[in-house]
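In what follows, a single structure is set out as structure tokens and then discussed.
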Amino acid sequence: MRFFSDNAAPVHPAVFAAMQAADAVDTAYDGDGLSKRLDARFSELFGREVAALWIPTGTAANSLALAALCPPFGGVLCHRDAHIQNDECGAPEFFTHGAKLLLCDGPGAKVTPETVRKTADAIADDVHRVQPRALSITNASEYGCVYAPDEVAALGALAKARGWRFHMDGARFANAIVHLGCTPAELTCDAGVEVLSFGFVKNGGLSAEALIFFDADLAEDTKRRRKRAGHLLSKGRYLAAQIHAMLDNDLWLETARAANDAATMLAEAAGARLLHPVQANEIFLRATASEAAALRARGFDFYDWAVGEIRLVTHWASDRQEVAALAGAIAAL
Amino acid sequence: MRFFSDNAAPVHPAVFAAMQAADAVDTAYDGDGLSKRLDARFSELFGREVAALWIPTGTAANSLALAALCPPFGGVLCHRDAHIQNDECGAPEFFTHGAKLLLCDGPGAKVTPETVRKTADAIADDVHRVQPRALSITNASEYGCVYAPDEVAALGALAKARGWRFHMDGARFANAIVHLGCTPAELTCDAGVEVLSFGFVKNGGLSAEALIFFDADLAEDTKRRRKRAGHLLSKGRYLAAQIHAMLDNDLWLETARAANDAATMLAEAAGARLLHPVQANEIFLRATASEAAALRARGFDFYDWAVGEIRLVTHWASDRQEVAALAGAIAAL
Amino acid sequence: MRFFSDNAAPVHPAVFAAMQAADAVDTAYDGDGLSKRLDARFSELFGREVAALWIPTGTAANSLALAALCPPFGGVLCHRDAHIQNDECGAPEFFTHGAKLLLCDGPGAKVTPETVRKTADAIADDVHRVQPRALSITNASEYGCVYAPDEVAALGALAKARGWRFHMDGARFANAIVHLGCTPAELTCDAGVEVLSFGFVKNGGLSAEALIFFDADLAEDTKRRRKRAGHLLSKGRYLAAQIHAMLDNDLWLETARAANDAATMLAEAAGARLLHPVQANEIFLRATASEAAALRARGFDFYDWAVGEIRLVTHWASDRQEVAALAGAIAAL
Amino acid sequence: MRFFSDNAAPVHPAVFAAMQAADAVDTAYDGDGLSKRLDARFSELFGREVAALWIPTGTAANSLALAALCPPFGGVLCHRDAHIQNDECGAPEFFTHGAKLLLCDGPGAKVTPETVRKTADAIADDVHRVQPRALSITNASEYGCVYAPDEVAALGALAKARGWRFHMDGARFANAIVHLGCTPAELTCDAGVEVLSFGFVKNGGLSAEALIFFDADLAEDTKRRRKRAGHLLSKGRYLAAQIHAMLDNDLWLETARAANDAATMLAEAAGARLLHPVQANEIFLRATASEAAALRARGFDFYDWAVGEIRLVTHWASDRQEVAALAGAIAAL
């Protein structure tokens, strides 16, 4: 019973079906009908004209976004526990040609205007120090915490005031939306976000994230950067198909809701053991080594986060009975 | 009736079936059983110990290979019509951090020891000139021509004598093998090739090429470069599954043979119109604008290569009746 | 008697004197009075507001200019014999993060609107091909030939029409100006040049070129790139002092005139042996191996350019008697 | 009376004299006699065979060293207050093509084996995290503190055990040597340092640092990187001359001793105000805003380090009477 990561979840049957339906020969790369309809599809979702590119991985989506927003000699403000800082083997540095991540603090892996200002204000404004040029936040965060629209907007206002571009890593964007009950626009463009990495892979997709440019002009150069980075798949229609399938009938919300609900069940069982509020599909909780061993002995698989801390992750296909069993086991610790 | 590119061919049903069979939750990235078996699988195919990484695109596979073989301040000798020079939007320069492509001549987009030597010998050996560090050839070439094992070996010997690393872009490696009837090893490692981009996408796959390191140690750094470039997909098992499916029962040879056979049929119809010998699945032929228009009027779709020249490409799923119809139309021009 | 290169010429005494006069402690980097006066000094010279940065080498000046004008995924049109292509060990690729040089032809290492168009028009306008973003010319060229203002203007008009930025490598700008008798503005900003590498090192300086931005805003990012590339010397006042000394009393024209006059003397002696018109301080001439040996036997040192071709270079301090002796020796061949 | 920085100190007369003595035309770049003698000169100084390259700035020297020691996908362990982290506008990231600085703690801007281990051990050994590949320390440190040979050796042993390369930023190496009274070898190669940035510019030079490779083979690629970065000055003999002049008669030790002695005088006056032990030529001390203003009112110029903290820097040419006056003023606060 695996609660290790949503990264390894199966592919939703509707996604597979859509891929197979895309089998007819069409134009290569992103010249096919499905790829070409992505702009319109996301424009409808966000209620404004956007440009949308499929990207095979979240790492590439984030890095292409940062390359579009930050010059090689600039810096990207982000949380010190951000995925772009810790989990992408320097991909942001590779794609931006050496921009520097400027680390900020904050509980739940969420930055605040105060912590961002603190980092930025400590940087003398001269040519010797790398200057901030962009701000990147993750929603839901690395600790499964969610920025509400007003929190994003406060950061967006700060970014605008300082002349920084604003990116949101939405690898678990769907989980955040489901938790908040707001619209995608309220959490992004309405709050000042300029580029969104809109995740589908953790949420039922196979190999397609969407990179959303709220300023469509910004997407043009990224099309070249995507090709140059080897991310323009020749059979792009199979990636576009995945995204369309996830958007059809709000499947992306349904799968995220399933994951969140499972997480909530585990969170309730964990109670005072929780290290962070559970607002998406990740549960971080205190567990001694022997408690962790006890859970494993009962067949549960998960990640040891730190000494005395474990991480559980649910996903769209988490088995309800397994979740209930794990909840029971946690409560019984 | 599309003869535009093998890039847009459908995915082979066996590939899809294998992907669906990989659906059970497993370890993310390349920690799953299918990914882990790739080394052994290709070691068996080549008859020696190799390291094999799945890579989603040929562009990324080529560029990762070059980054492994050439330092940022070095040069890569290649044909002036090579895919890495003309069709990857500078991906080799991106992945190698600015290495320079050093262009060589030769008929059929094939370099020869003589043309390579000519380019290399014109470069003064000092710190002002970018020095060759690697040689990259494409087999089958951009013009559908095939290097035979002895031709590869002659280049391999030159590379070794000069201290250059040696890469083969095998986006259409299967077509070359089928044409030659030799073993994969005879065309690569036996002839001095150190890294091979082994293509599957044009030949029935969806999004998985294999990058083969004949010196397995060389693969270690590339695993980091792959991650850093955003090419380590979290659901890697679906990529590994594609490759296994293509290797099962020699499917990769069967699909390539179908493509080559269709090309041969067209080549025979084209006769004296041919610009290059047809040894794989591409046919370049002379056709006036009005002849091209006439073919299009009959429902055939293809690429205008240059003034008075067109390119036809067949693939594993090219419809035999459509091929026969096109052959007839060409013969009737 | 060395006619090998102007690169190794001595430093003009006035330059040394100005450096020593800069010895008083002042602000580090480019915060000193001499550095700060460069903008005004060059604005006066060009008759319009420009931004001017000292840069220790021509290679760095050229590469910083190209980085300011061309994105990593773009291409720089230049002559195939250009210094940036052949003599800088890939510095343009390093500073631009992998932009591609797109090679054009033309006699005397000069491109023409026709040859530039030919190269550019062969590049399909899609994301697979690196697209031209900038044009770079060298004046005087690598073969000592000079672009007249109308030739520059024709290229500037083409660049503007195509949306390319326009750079001039003026490592021997002074020699060109002296040959033409025009103003610096006529040869650059009036003709569409946006950034000029204004050379002083070959012309009497020690380690200071000037990078001139005719759009002063463009200089801001370059100040960061200069620091980031390790080219912001802490004792910058000694570089600024060199440039001021070269501009004082038109010393830069005087030294260039001396070099050009010496070259003219040699050119007259060479007569029909000349491979290119001599318009600056380089003389390329036909000489058999035994003729070259005969000159060397008489004590003259120079560069073997190619089989049957030699290069002679004069400079501001070329000894008139040595020049006369060499002229005589050439005439006597 | 300027105590702002040693970066802006004048050039030592012996350095100027040596530069003028180098005026005779010689081979360009580093082909001249003075440049060629650098290897032998430093080999003598270190008592073993080393390779030595002149580099115009400390930023470039450090960055070239790091590029030689750390791949683009690797990390460099350094103090969080290191110059390479804070004062070079991302030059290490530029030259290494995106390597990541991994920050360590420690008093006086000095790392210890414990703090380095703490940073390194927090990095999971997988492809998702940037792995340490090199360790870089600054001696004397940014706070004017000195690593003794045994401290360096302990770090060298750790680096060797972990497979990290080891670099020393010796912008103020001379001040450290003078403070310690040890040999240059004891502080570097004997203690495991593989590459040293040997500073001269802050110590009486104009524009020449030396980059010392204790493994001479490592220097070969750096010669290409130096050219590629625009740091191979054509008139290199004037840089080599500076270094020879500094080494002649141990001038480098004499000038550093003068700076250190002046600093000691100020340190004694500062007494309990000192923030760090004064072991080189920098003095960090507590001073309220009104105290700082009082010092400025008496004509002293210096840097406000932080709230309630000021930095004073002495150098080889600091006027003894001015130093005495400042010492008196500090004591009188």
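Note that the chains are named A, B, C and D in the order they appear, and that numbering of residues resets to 1 at the start of each chain.
Basically, a contact is a pair of C-beta atoms (placed from the backbone, for glycine too) under 8 Å apart; a residue touches a chain by one contact, two chains touch by 3 or more.
Just so it is clear, the structure is predicted and the values come from calculations on it, not from any experiment.
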{"item": "Where chain C and chain D overlap in contact partners, by chain label", "value": "A, B"}
{"item": "Centroid comparison with chain C (C-alpha atoms), farthest chain", "value": "A"}
{"item": "Which of B-D and A-D has more C-beta contact pairs", "value": "A-D"}
{"item": "Separation of chain A from chain D, taking each centre as the mean of its C-alpha atoms, in whole Å", "value": "42"}
{"item": "Inter-chain centre distance, chain B versus chain D - centres from mean C-alpha coordinates, in Å", "value": "49"}
{"item": "Overlap residues in chain C, where contacts from two or more other chains coincide", "value": "29, 72-73, 88-90, 94, 97, 127-128, 224, 227-228, 232"}
{"item": "Chain B to chain D touching residues, read off their complex", "value": "29, 71-73, 97, 127-128, 131, 221, 223-228, 232"}
{"item": "Residues of chain A that touch chain D when the two form their complex", "value": "72-73, 75, 86-90, 93-94, 96-100, 127-130"}
{"item": "In the complex, chain A residues that touch chain B", "value": "2, 4-5, 7-11, 16, 19-20, 23-29, 32, 55-61, 63, 88-91, 94-95, 201-202, 206-207, 224, 227-235, 238-239, 317"}
